[in-house]
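Chain lettering (A, B, C and D) follows the sequence in which the chains are written, and residue indices restart at 1 in each chain.
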């Protein structure tokens, strides 16, 4: 059962914008990384600590759908949910919302679990247990293996 | 029939790398933008000229699959191919290769065609004609509507 | 008389780091921009509002001295102080500190005051009044026209 | 005597621009890094090779003067010259020019010479010999220790 989504607040800077006053399409991945880092801390598993226990979670796939433009000085809410929690991989679903509630971006990232030498390894059980409450299910509309986080085939 | 893929050469800088000596996952989208800009110039349709004729091609979807890490000072080859050329949208398939020939990243971007006021419009016929030779077909393995460029839903 | 420095907290992301686990030298300018944007809001003069009254503050000079490396996940404190408040220009002194108190970066930016058409104009009196409490003086060691904010000549 | 400046060509992308169609102030440091990397290769001393011989050249100071705006798709010329070649430090003077010849940015960077463990070391004699032809002198107007590359204190 899902307890709650994690939300992260982000204020848009000039550095993130491009011509036409909107956030450059690649910068949303920077913003998602920032939000995921805070999510892991919130779940009691900061990425720096995972690294000390020989665990990395490199992104092996990323997808973004741009629904609307974020502008300079906008306050964005980044939703972080886990779409898939498997033995050696992890997938996130993200939504980035304008403070008005308008959906701006849907994003999904798929991560492998590896050692520092980038060899695949199982997600440590302590990490899996900490993440489990954040796994969303279809009924909640964020879709385990459906929607934007579906495997590419 | 496809004449040839467009190729763009890119040398990796420190600015693009992150910890662990590999290109940060978002920076590949910057590199793809650079390559597409040069592709449009190569096709005789530089983006600055399209803008003067009230045509923008904003990205509405982007997908990346990370197959291997690009490192500082690596020389990358970015392949640019058109996966879909429709009335009001355009999709690109990209591959980023290491100079050894190793595949590092597969990327796809979907673009709308809009006016400067961001209203949807048909792709101008002159632009469509210039892009047509770069449309790839399934037999070539870059897949019109298959693979990573397939629609998400 | 100086009331107090403005302080801004920033957590380092992977996006900001480069090889060797330290923040890339250019990213500190992004961080300073973020801090200045928040400073203007704190002073009751958000940059978006200044823009509505035909006022821009483009950077005409920037200087950075790197004293130590900020690393992934470090929490930085960015100090914002005004080193010079003249008729048509404004200069900031910044220090970026590690949470341990260690000085990492000293930075200075010099800004012109212009209209949206980039023509020089006087700093509006309301803005000048709002900024005046943040002007630092030599005795405080952040130096009006000394140190890193000194004119280049 | 100076043989010649090194010049590097850079085409501006959307990724580098911000609101108002000009290059974001921090991105010029990325462009200077790219140009210096190519300069070291040109001088027969690629940075990757220096690293293999336990030599790093971290930036300890950077200064930029913004004289004009570079816009999307502009072709820039980056001049690279050595302003100072001392025992354990190295300083560069840069100018970024529009293809029309207009000066856009003056930049200076000061580098320490260190081991991979970031301990100061002398610039290896082979490196110093390779760089010597690129040292500019006052008479050429790029100034050894004058102008923007002058020491701050």
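Throughout what follows, a contact is a pair of C-beta atoms (placed from the backbone, for glycine too) under 8 Å apart; a residue touches a chain by one contact, two chains touch by 3 or more.
Note that the coordinates shown come from a computational prediction; the quantities given were computed from them, not determined experimentally.
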- Task: Could you work out which chain's C-alpha centre is the most distant one from the centre of chain B?
- Result: C
- Task: Identify the chain pair with more contacting C-beta pairs: B-D or A-B.
- Result: A-B
- Message: Roughly how far is chain B from chain C, centre to centre by C-alpha average, rounded to an integer in Å?
- Response: 37
- Just how far, in Å, is the C-alpha centre of chain D from the one of chain B? 31
- Centre to centre, by mean C-alpha position, how many angstrom separate chain A and chain B? 24
- Per-residue multi-chain contacts in chain D, two or more chains: 14-15, 26, 30, 33, 72
- Message: Per the contact definition, I'd like the list of chain B residues that touch chain A in the complex.
- Response: 25-27, 29-30, 33, 58-66, 147-148, 150, 152-153
- Item | Contacting residues of chain D [partner chain A, same complex] | 14-15, 17-21, 24, 26, 72
- Contact set on chain D toward chain B in their complex: 11, 13-15, 30, 33-34, 37-38, 46-48, 72-73
